[in-house]
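First subunit A sits with subunit B, and in the next complex the same chain sits with subunit C.
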Partner chain A sequence: MRNTLVLLPLLALVIIVQLLASWTDSVFYLTQLTMSAYYSFLIIGLCVVMGYAGQISLGHAGFFAIGGYLSAALTTRNLVPFQDNVLVKLLDSVGLLLASKDVYGESLLVVTPWAACCAAILTAALIAFVIGIPVLKLKGHYLAMATLGFGIIIFRLVLASAYFGEADGISDVPGFTLLPGLTVSGNFQGRVQNYYIAWGVLLIGMVLLRHLIDSRVGRALRAIHSSPEAADSMGVDTARFKLYTFVLSAIFAALAGILLTHYNGGIGPSEASVMKSVRYVAIVAVGGMANLWGAMIMGIVLNFLSLRGMFGSYDDAVFGLILILIMLFAPNGILGLHLGQLRQRFALIGRKRPAEEA
Partner chain B sequence: MTLELFIQYLVAGITYGSIYAIVAIGFNIIYNTTGIINFAQGEFVMLGGMLSITLLQFMPITVAIALAVGLTMCIGAVIEIVFIRWLKNPSVLRMIIITIGISILIREAALHVWGDNVRALPYFIGNEITSIPVLGARVSPQVLWVIGTCSLMVLFLSLFFKMTSIGREMRACAANRTAAILCGIDTRNMVTLSFILSAGIGALAGAVMSPITYTQYDIGTGLAIKGFTVAILGGLGNSPGAVAAGLLLGVIEAFSVSMVPLAFQDAIAIAILLVILFVRPHGLFGSSAAAGLKEF
Partner chain C sequence: MALLRVEKISKKFGGLQAVSDVSFALREGSIKAVIGPNGAGKTTLFNLISGVLPATSGEITFKGHALNGLRPYQVARLGIARTFQNIKMFAGMTALENVMVGRHVQSRSGFLASMFRLPGFLSEEREIRRKSMELLELLGIAEYADTEAMNLAFGQQRAVELARALALEPALLLLDEPAAGLNIYETAEIGRLITKIREMGITVLLVEHDMSLVMDISDEIVVLSFGQKIAEDIPQKIQRDPEVIRIYLGEEAAVPA
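For the complex of A and B:
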């Protein structure tokens, strides 16, 4: 209950921001806030994996891309040439396909967004599960490299396959009607509506994860993080909990990818790039690793600044610098930093260390 | 497949393989003294190539390469002193993230200094079409330069670690840090030295390979992944293993070109890495008992 109540002020803030933007005639800010909310949705999922289960993942852009690309491809690629295929016929009879005419009058047969969304999430979860079993047995550098390798494979695959549009990506992705009257799309009129959808999704995600962390699972995860051996001997099934959180975060990433792709009306290979994964890790680190609120706030702030183009051509460099500075001076995140602590750290650098600490 | 074609692929494989081996040995040198995997290792290779190309405008090629290697060694030292030397017992996760951050910074700096053009050093002997016949296949002399330089580096490194007292001190540091401190070895200087050394060999490899593989600001990540694959394959910290594994990966990649599209070539190397990590995390040539003793 407490977890849910905390969200009320935030909900009020979300509404105030929207009203302010509408009154001051600067609704265009809502576009970036919507996109930031989706990126933050991925980031809070990653935060549970990194901060609470203690597993680094440098491949989350891969899951984001799996969600976005699958959903985009299924809702845009024409199935008319495969009309006689048994599978296509079956899907059509269950009502999962959508027939229409394109601008040239050609008939168009695509998968409905809901079905595509479910397929994309299932695929991402399945891949996370299959990859997760061996990967999560690894530790430290091995885990980092394995997840990085996974991310690169996804990047290469979307870049090299014609089905996913190669370097151009997929465009003209239709809107995603969640409920009648509630559509995720880049439509001009739907801007305010989409802002609320995105923030609604993010806040629901927050509630879910807060509850997860305060539950038995969360306690088990924290036990795993502080000492896997001790947790093991207390009867915590460490491997299973790590795997489940990994899959859960992959689902979060895929859903973020799906919704953002429908919102933007397209997706390109840069969404799958390693730099994106690194950026997500950086934001979780800045937020303080095991700090969902920190991850969410930093996710919104940094993504918003980046999307507004505040960092110019130094975008990636800014995130690299943030990573280094945070890890050097504030490994507990920027919110976990007190001024006195900072002074102490700087004093440490200047002072010559006693020999026995070397 | 004809014999000529076979040899052509084989030579290409050995060329790339020896570059991977050098990157992997760079990983090993730092890993042995610190237990850190330096994710910025590939950037040293890029810097070696880029700096020599720039310096070539002002001086002859040998001086340019020597100066580029020297500069990269300085950069390696600066990185270690500024970012790593003063940290007290950093966690592995923290070190991974710091070296990833360093690699991003170097790459972005390179992008702003040199732009995203593909550049290359001129061929050391002759030009693109000069070739030497080897058993019916045509091999560029530059390929021999790459293979020769890499072999010499491996030879000198093994002599350095076996014969010189500094090399022995570094090995002592790798074998048992506490015991090395008790013997009066300044382990922190050894760590700086290991960064200098691996920056140097990376840069030299980067300069020699530049005419045939070209140099761009972002080649580092790909090379680092391949190098890491090779280091794992050969067993982390095991340099003769790295040479064998590097040649193996290079040859596999070269022959895979004849079977799968070029775009998937990287995916193959990474898939091999993943399979190795899952099946034999201590590498093909490493022993599981020794791997068990390592912290990670």
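For the complex of A and C:
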């Protein structure tokens, strides 16, 4: 209940921004705010993995890409040549395929967005599960390394594969009708509607994750992060909880990829690049690691600035720099920073760190 | 009927025989202490029982279940709770939340039930909170429920840790030096608490350096030296055991030439 009440002022702010944008005839800002909301959806999922389960994933752009690319490919690649395939026939008979004509009058048979969405999410979850099982049992930064490798593989895979459009990516992705009258698409008339869909998805995600943190599972995760031995002795199956959290965040990333791809009408390989993963990690760090609100706010602000082109061609460099500065000066994020602390940190650079409070 | 039975348990770290062929049984409802000089293998023994370390040989059975090969969380689920010599509080969580983690094995809600607040979630959450609060009251620290655990005084942290272990509703409680770092008043208080815990029907096995506490509260004492059990008896007899006196006094007398 308390969690839900906090959302009301934010919801009001979301509405005010939209009204202001519409009145001042600057609805184009809503486009970047919509995209930022989807990126932030991924970031709050990553925040639970990093801040609460204490693991670092450098592969979340990979899960985003799995979601985006799979739903793009499934909803655009024509299945007419495979019409006689048993699997295609089966899918068609249960209503998961959509027949239409393209602009030249050729018949087109593709997977429906809902079916594609479910397939993409399941794939991302399954891959996260398989990578996570061996890796999460290890200590230290093995997950960071393994997910880095995974991210590179996904990036190279979409670049090399003709099915995923190589360097061009996939375009002409159709809209995704979530409910009758609610369609995720880049359609100009749907700009305001899509702004609300994206923010609705983000805020629902926020409520779900706040609920998770404030529960038996959330307490177990925080306990694991703080003292794995003690959590273990309390009967918490630490490996399993870390694994489920990782899978959950992969699902968030995939869903962000799916929705943003339908909104943009396409996806390109840059979405799968490792620099994107680094960016997400940097944003969670700026937000204060174990701080969902911080992650969300920073996700919106930094992605918005980046999408508006504020960082020019130094975009990736800016996020790398942010990560370094945060680690040096504000390990608790800039929202958790006080001026006195900053001075102290400056004085400490180059000197041996005193032992952190146990 | 023995609640816990340790049979010929051994642990080797490379060339070091930390625990060798130690056997003893723990009667249900009793308080047993393990004493011995530093490096005698007391904490290793605890880690073997709680599943932190695998034994090199030997067997540990609890209520008839073999504990060999079980991970600590599985041992905890069977009803064995423990505290740590250097207190391990969950940082960033309040005293109450720390104890609530202890209710983990007694509750069920998973990821989906938590995220979507499925039916049953809220009543279980209330139950966790109520039981945890009761334990804080039992240990006399209810007023600090909402204080961050790391900000509490050392003695209060010990109490939180004890409450957290009791929250598991264990049949057996392992206490690793519960009086370490406490003054004589706090030590006496811990002694009273341990006796109270026994009265709740919980069997207690403790490792302790404070002899007055051990002699006061234990029903039986096991003495370890260099990984071997050298005596096991009631406190009055242990105090007069010549071998025990020798290792304790001999250690002080051993001044290098």
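What we mean here is this: the second predicted complex is superposed on the first by the 345 of 358 C-alpha atoms of A that agree within 3 Å, B and C clash if a C-alpha of one lies under 4 Å from a C-alpha of the other, contacts with A are read in each partner's own complex, and residues count from 1 in each chain.
Please note the rule applied: a contact is a pair of C-beta atoms (placed from the backbone, for glycine too) under 8 Å apart; a residue touches a chain by one contact, two chains touch by 3 or more.
Worth saying up front: this structure is predicted, and the values here are computed from it rather than measured.
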Using the touch definition from the top, say if A:208 reaches subunit B (first), subunit C (second), both or neither. second
Item to complete: Classify the contacts of A:43 with the two partner chains as first (subunit B alone), second (subunit C alone), both, or neither.
Response: neither
Check your understanding: When the two structures are overlaid on chain A, which partner does A:234 contact: first (subunit B), second (subunit C), both, or neither?
Key -> second
Larger residue footprint on subunit A, choosing between subunit B and subunit C, goes to B
>> Tell me the contact category for A:274 with respect to subunit B and subunit C: first, second, both or neither.
In response: first
- [ ] For A:251, decide between first (touching subunit B), second (touching subunit C), both and neither.
- [x] neither
**Request:** Considering only the touch criterion stated at the top, classify A:327 as touching first (subunit B), second (subunit C), both, or neither.
**Result:** first
Identify the partner contact of A:124: answer first if only subunit B is touched, second if only subunit C is, both if each is, neither if none is.
neither
Item to complete: Figure out whether A:220 sits in contact with subunit B (first) or subunit C (second), or with both, or with neither.
Response: second
Footprint intersection on subunit A (subunit B / subunit C) at 357
So, in the complex, the side of subunit A touching subunit B is made of residues 54, 56, 58, 134-135, 137-142, 144-146, 148-150, 152-153, 156-157, 159-160, 274-275, 278, 281-282, 285, 313-314, 316-317, 319-324, 327-328, 331, 348-349, 353, 357-358
Subunit A partner, complex, touching residues on subunit B are 37, 39, 83, 86-88, 91-94, 96-98, 100-105, 107-109, 112, 181, 187-188, 221, 225, 228, 232, 261, 263-264, 266-267, 270-271, 273-274, 277-278, 281, 295-296
The subunit C residues in contact with subunit A across the complex are 50, 52, 71-73, 76-77, 81-82, 84, 88-93, 97, 100-105, 107, 109-111, 113-117, 121, 124-125, 128, 150, 164, 168
Residue set of subunit A touching subunit C in the complex reads 208-209, 211-212, 215-220, 222-223, 226-227, 229-238, 244, 248, 290, 357
